[in-house]
Every structure is written in C-alpha cells, then in structure tokens.
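Each of the next two complexes has subunit A plus one other chain: subunit B in the first, subunit C in the second.
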Partner chain A sequence: MPDLGLDVLLKGNNFFRLLEGLLAAVKISMVSIALSIPFGVLLGITMTGKNILVRFLTKLYLEFIRIMPQLVLLFLVFFGSTRSLGWNLEGETAAVIVFVLWGTAEMGDLVRSALTSIPKHQYESSRALGLAKRQTYFYIILPQTLRRLLPLSINLVTRMVKTTSLVLMIGVVEVLKAGQQMIEANRMNSPNAAFGIYLVIFILYFLVCWPVSMAARRLEKKWG
Partner chain B sequence: MKKIKRILIPLLVLALSGCLAGCKNTKDNYRTLEEIKKAGTINIGVFSDKNPFGYVDENGNYRGYDVYFADRLAKDLGVKINYVSTEAANRTEYLQTGKVDVILANFTVTKERKEEVDFALPYMNVSLGVVSKNDRVVKSLEDLGADDAVIVISGTTAETYLIKNYPDIPLQKFDSYATAKEAFENGTAVAWANDNTEVIAFAMQNKGYTVGIPKLGSSDTIAPAVARGNTSLLEWMNQEIEKLGEEQFFHKNYDETLADTYGEEYKETLVVEGKKTD
Partner chain C sequence: MDFAYMKNVLPLYEKAAVLTLRIGLEGIIFATFAGIVCAVILYEKVPVLRQLVMVYIEISRNTPLLVQLFFIYYGLPKAGIVLSAEICGAAGLAFLGGSYMAEAFRSGLENVAPLQRESAYSLGMGKLQTMRYVVGPQAVATSIPAFLANVIFLLKETSVFSAISLMDLMFTAKDLIGLYYKTTESLLLLVIFYLFILLPVSLTGAAVERRMKYAGSGS
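Coming up: the complex of A and B.
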C-alpha cells in the first residue's frame, strides 16, 4: 500500500478538526437549503405571474445571481457590507446570506419551470370543478410540481454542499481549509499527506451527499 | 490562488465600483491603539497554511514565524489575540474593512500595496535565489554557458526577472511547483530560480543540491501592515519592532520557527531586525 500520509490524521486533534470543518460546511449548506426552499417556491410562483415588470425584475435577479461567481458574491457580502453599510458580518452569516440568495434564485427557476410544465388542462379542469385560484394551486398544481421538483432540487442541495468549499476565502475554516492546514503543517515530515487527506475529504463529502440522494430516490419511488 | 486572483480582482472592482461611487464611506474602518487596548483583543490576520510562516499545528494552535511575532505583539500590548485565517488574495481587503487590525501574513512590501495599506518596519527579507546540483554549483548567472537552461515556474517573479535581466538564458517554464521539481530532479536544466525561501527549503530537503545564489537581484521586505491612516497603531508597532531589534528578537524567532526548514546558514540572509534592511 502506498504511503498516503494518513498518519497525519491521527496526530493530535487532526481528525476531530476535519470533522469540525465538515460540520461548519454542513451547517452553512443546511441552513441555506432550509431557507432557500420556501423562498424559492415563492419566487417561482411569482415568476409565473402575468405582470411584466415583476417578471422582468425576477428574471434580472436570477440572471445576476447566475452570472456572478459565488466567490464574488461572498466577497461582496462579506467585505462590501462593511465598506458601504458598516455592518460587520461573521463569515458564516455572510456565507448563509450568499447561499440563500443563490439557492433562492436557482430554486425559483426550478419551481418556475416545474410549474409551467404542468399541462394547461390541469388548471382548466380544476377551475371547471369550481376550485378557486388559490385552491387550484394548493391542491392540484403544487403537489404535482413538488414531485417533479424533487430530483432537480436534490441536485441543488449537493451542489451547495460542495460549493461551501469557497467560504474559506472569507475566513471560515471548513473541511477543505482544515485539510489544507494539516497538509501544510506536515509538509516536511509527511509530504504525501495531500493524497490521504484529500481522499478522506472526498469520502466525507460523499457521506454527506449520498444519504440525501438515497432519501430522494426513495421518495421518488414512493411518489412515482 | 494566482489564477483565482486574476479573475477575482477585476470582477470585484467592477462590482464594487458601482457602490463605491454611489454610497458613502462613512467612517474610517480601523480601530486605534486605544480602542484595541480598551477592547482587550487584537485581531491579527495570518496564514493558516503557510508552513513555516503561519500554519496550524495538530492541536489547532497557530504557529510559525509570523505567529511567534504576533504573540509577542499581543503580549506587549497587554491584550488577547484573535487569529483570523487569511488568504493571499484577501489580505488587503481584511485590513481595509477593519476586520483585522494587523496583517502578519508574510506580506511583501510593494509599491502598489503601499497605496492601499500602511506598512510598519520590516521583519524579514525575501529575494530570488538559484539552486543547482552539487556537482556543478552555479554561483553566478554569468557563469552559465549558452546552452545551459534555467527552470522557472510561470508567472513568478523569478521568470519576470530573468526575462528582463538575462534575456539570453534559455528558460524552461513549468506551470506548477511539482512539474518544475520533477524536471529539475531529472536534470533537464542546470539550475532552478525561484523565491529564495523556496530554493533554500528545497536544498535542505533534497540531498545533493546547493543554493549557489541565495540572493539574486533586488530584495523585497516582509512587514506588518495596518489600515491606511491608522497612525497610532503604526507608530506603536514601529517602536515595538525597534525595541525588539535591540534584544535580537527576530533571530530568536528564526531559531524557534525557521531554523528547521532553512538551517542556520541563511539566518542573516532572511532576518531583519529593527530598521536594518540589508
């Protein structure tokens, strides 16, 4: 077996530090997801509205967030808010704000596309049955939409978990940064540690994302 | 990191310029010496992954040449220290927004940076260096024959310097440290030019190599930086660094943190005490 420098993980608190970093990443992504889903559903419904101005503004928001690299958004919120507004946000808070802005935009677009994919006759039949507009949404359209949404939003969740690796740029020590610190601290006595530690980080990310995918698959089967 | 920076900075400027023009910068973002003392904690930005200058050990404690100095600063100031993990690309931003009081992250003094932040007295020297094999030590670039190639890593100061000052030397350019190292070890070139800390560390770790030129061209200094205009903190730092110079603090710091990597030999090349540069 080649030397992967895994002994580095057994030194001192190293493995615990890696888990702590993972916890930081998972916390940021889970809080962001929990907020992005309701906001995204609202945004998606708004985007299907008839008002041109509203449609234009939501589209503008979506494209702005999409075009901006997440890293730039992180810098803007973390440093920009201090510069122009005098707020002193914690790195974690800034990260959650950016991820919610991003998640809401992406989720909104997913909801919009899922909503428009519901055939027109569903709306019309429901109206014909005498359901009010709000009732149509709640009982007919949304349940169908949510099922279509599930695979797409799971994709967003896992993307979000992986993108947390960027928050190291605003001083948050998440799993990747913790790993880099260990690799560098042992540059001399364990030059191969990069392989072992990145392997472990890979497994950790997998362990976070895999159960999410599995749960989604089960739900899909159940609803399908 | 360099690449990220290249994309990031223009985008950032673009994004911020809209705001900077429109919104007011109400007050100075830095804390004065008195404010820091009153708060009882100083925020110092250091690298957390640049062994042996700033890194985190297996127990989660910050260590290294920069950190050893930072600990002393806090002790003499009588305050607790809060380390902030910074990256090369965000050091200036951290100071300008007051998220840290001092940057001690191996910050090289340059003309461009002087317009953004205020540097205190230097505490370290860096310049370029050249390493070569023991059987043919290159002591001066003038000694090189017409076909003797020198390895550089693309985008580094070593590359720029050699192209400008020694246009006749054939260069072998590599994109990463790892590929450059492999080529050098396979003997494709007679020498490797890079930051002197890098080549010294390389010669220490790999038997059979010598740093023939530990100092090439002009040398730069590494100094602590504070927010622009934060004179009270800057003046205190300068006095402190002079005082530390009298007790040869940075020599002691070198022994404790850098000697393992660079050996005794290069102490005078790398260390600066008080006002002394060169």
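Coming up: the complex of A and C.
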C-alpha cells in the first residue's frame, strides 16, 4: 500500500486547521442547541394547549421540518430566503437559523411528549393545593419532565453535531472543507492524502460524538 | 413564479428522483439485511461477533453519513479500492442504516416474552426453528414502526449524495439554480419532490403505529 498521506497532517499547522474546522462545526451546533432549548420548551408547552388553530399550526411546522431533509432546509434558507427576501446571509448564519428551526421542532416534540406523559393527577393535585398555572409548571411539572428530557436532548446534541457536516454544502469552512483544501494543496507531493485526511476526520467526528452518546445512554439508564 | 420553466425542468427532477429512490432503496435493503444479522447476533449473544457488532454500531451511529461517504468515495480509491459513485452511495447508506436497523430489530426481539422462546425449546424446537417460527415473526411485527422511521431517516439522508457527484435531487436543484437563477421555482420543485417521496412513507408509518396500539401478541 502506498503512503496514506498522514504526513500532510503533520505539515505546518494542518492538523490544527482541521481541529479549527471541527470547532467551527461544534460552535454552530452549540449556539443552535442553546437557542433551540428555550424555543423548544415554549413550543412544547404551546403544543399541549387547547387552541385548535395553534395546535394545527405548530403540528404543521413540526411535520414539515421533520419530513424535509436538513440539507433541503439549508438550501431553502441559504438560497431561497436570500433570493425572495433580498437579504444577505452568511453560511454560518443560515446554518444556525436552520438548526434552530430544526432543533426547536425536535425539542418541542420531546417536551410535548414529556409533558403529556405526566399523569393528570399531578396537574389536578397542584390545582387543588391552590397553585397557579405558572406555579404548577414551574414547581411540579417541569422538574419531572426535565429528568425524562435530559438524555433525549443530549442525543439531539450528537445529531446536531453530525448534521453540521452538511454546512460544507453551503460554503462554510468546516472540518471537511479544511480537509479538502489540504488535499488540494498537496495534490502533487502527496497524491494519496485523501485517504489519511478523511480517515482522520472520520475519527475526529467519532471522538466528539461518542462520549456525548455514552453520557446520554448512561443518564437514560439511571433516570429512565 | 415561472411555470413554463418549472414544466421544462420537470423531467430532470423526475430522473433525479428515480436515482435518489433507486440508490436509497438499494441502501435500505442492504441496511435491513445488515440490521437483521446484527440484531440476531446481539440477541443470541454470539461471542466475539457480538463485540464486533457493538463496535460497528457505535462507529456508524456517531459519525455523519457525509463523512462516511467522503472516506468511501475519495479516500478508499487511494488505498486501491475504487467504487462507482452509485455503489458508494448505497454502501454508505447501508453502513449508516445497518446500525439503526439493528437497534430497531433488536428491541423488537427483546420485546418478545422469554416465555415464548422457552416454550418453543421445551417443545423440542431448535434454535433456528425457534427464531424462524416463534420469535422472529413476532419481533418483525413489533419492530415495523421503528423500521419505517428508519426508512424515512435513510431516505432523507440520501440528500447528501450530491456531495459525491451523484445527480440526485439536491444536485439537480443546485445545478439549475446556478444555470438559470430561478431559485424559488427550483427550490419549490425540490420540496415538492421530497414530499412526494417521503410523505407516503411517513403517513404509512403513522397509520401502522396507530394500529400497533391494538396489536398485542401473546405474552
């Protein structure tokens, strides 16, 4: 087997650049998840409401976001919204918008199912004790839902990190793009670099996502 | 909205949808086979193979399909393994989907009460017979909702195929936007075609899930 191009990684600060690209991807998913959680909780509470029109609209939103591939959503925001609304969007911003829309939908559904899984007598008892609606949610319902929610939302984090690999397609320089640039730059002196670099990127993604998945599973076992 | 343009490019989208569906189905079929094999290995606790399957599941679930495809399509040829883009797409999808399918079938198998298996053994059935006639059919029934959810997930994932220069729906849409600058129309067609592919599966999944509530197999 010829050399696998791992030497390219050791050249200059190439490996550091890969990590930087990975950091860009992780940053996008962290910002998105931080925004998705509060929005998702709001959406989830809204979805358990009684207003039929609101329920229909939120359901429509949820189903549309869920059924469309994330890449299609990225295209819709990055190419579609910029064209029809005439504004300018950077790749990163478009990515965060899409991931927040998506994360809010997923989170909202998790919150909704967690809320509806709380037995009815919990609501009724707290009402009987004279707690107001907001107090009921704050002191009785949310603490119980959080336990169920946490492992599932951690899973959402890994899904988001994995999905950030797509932002390459709308021109954001993340880890795959950085890898591509390195392979291009070393085309002459290290023609096999693609193997080594893509393998390393593969391993890097695994190293980011695996511990998070493990943590989610452990929590699920503990609290499930 | 330029309807004449949309009508003109419709055949291109149709061709792309067929390609998307074909590779998607190939990948899903292989993923299902891989999933069944892995699930049975996990369920029967086959030594060594079981550990291998667990490692595979962790690797496959914790890496993005796009990265898997880049490695298969651009990386492997440098090590002497050259595959066509289409095979790469199906192989990548099968590699990703295998672990999700394994998880679906495994939980289906574990939902079958141990009593069923023990009864089969006490009737003198062998391991294979028990799997084939008693545990297997019941497990398949309970894992159908999860299976369909995975099918939707995998069909959605096919959208990254354009990265390995397969002329799928995403590729076609992006190409047309670049050529004619009819962004809104091209994207609308893209959404319509994906809905066309995914909505029937999604509705079937929802219907099956509703029905499954009533289907209680012997415990």
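In this text, the second predicted complex is superposed on the first by the 186 of 224 C-alpha atoms of A that agree within 3 Å, B and C clash if a C-alpha of one lies under 4 Å from a C-alpha of the other, contacts with A are read in each partner's own complex, and residues count from 1 in each chain.
We adopt the following convention: a residue touches a chain if its C-beta (ideal position, glycine included) is under 8 Å from a C-beta of that chain, and two chains touch if they have at least 3 such contacts.
This one's a predicted model, so the numbers in the text were calculated from it and none came from an experiment.
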Thinking of the overlay built on chain A, is A:Ala185 touched by subunit B (first), by subunit C (second), by both, or by neither? first
Is A:Tyr205 in contact with subunit B, with subunit C, with both, or with neither (first, second, both, neither)? second
So, A:Pro119: does it touch subunit B (first), subunit C (second), both, or neither? neither
Kindly classify A:Arg17 by the partners it touches after superposition: subunit B alone (first), subunit C alone (second), both, or neither? first
Regarding the shared-chain residue A:Lys177, is it in contact with subunit B (first), subunit C (second), both, or neither? first
On the A-aligned overlay, A:Met169 touches which partner chain: subunit B = first, subunit C = second, or both, or neither? both
First, second, both or neither for A:Leu71, with subunit B first and subunit C second: both
Tell me which partner A:Gly80 touches in the superposition: subunit B (first), subunit C (second), both or neither. both
For subunit A, give the residues common to its interface with subunit B and its interface with subunit C. 68-69, 71-72, 75-76, 79-80, 83-84, 168-169, 183
Listed in rising order, subunit C residues that touch subunit A in their complex are 58-59, 61-64, 66-68, 70-71, 74-80, 152, 156-160, 162-163, 170, 173-174, 177, 183-184, 187, 190-191, 194-195, 198-199, 202
Give every residue of subunit A touching subunit B within the complex, in rising order. 8, 11-14, 17, 68-69, 71-72, 75-76, 79-80, 82-86, 88, 168-171, 173, 177, 180-188
Contact set on subunit A toward subunit C in their complex: 1-2, 4-5, 63, 67-72, 75-76, 79-80, 83-84, 158, 162-163, 165-166, 168-169, 176, 179, 183, 191-199, 201-202, 205-206, 209-210, 213
Sort out for me which residues of subunit B touch subunit A in the complex. 4, 7-8, 11-12, 15-16, 19-20, 23-27, 29, 48-51, 55-60, 63, 84-87, 89-90, 93-94, 96-99, 205, 260-261
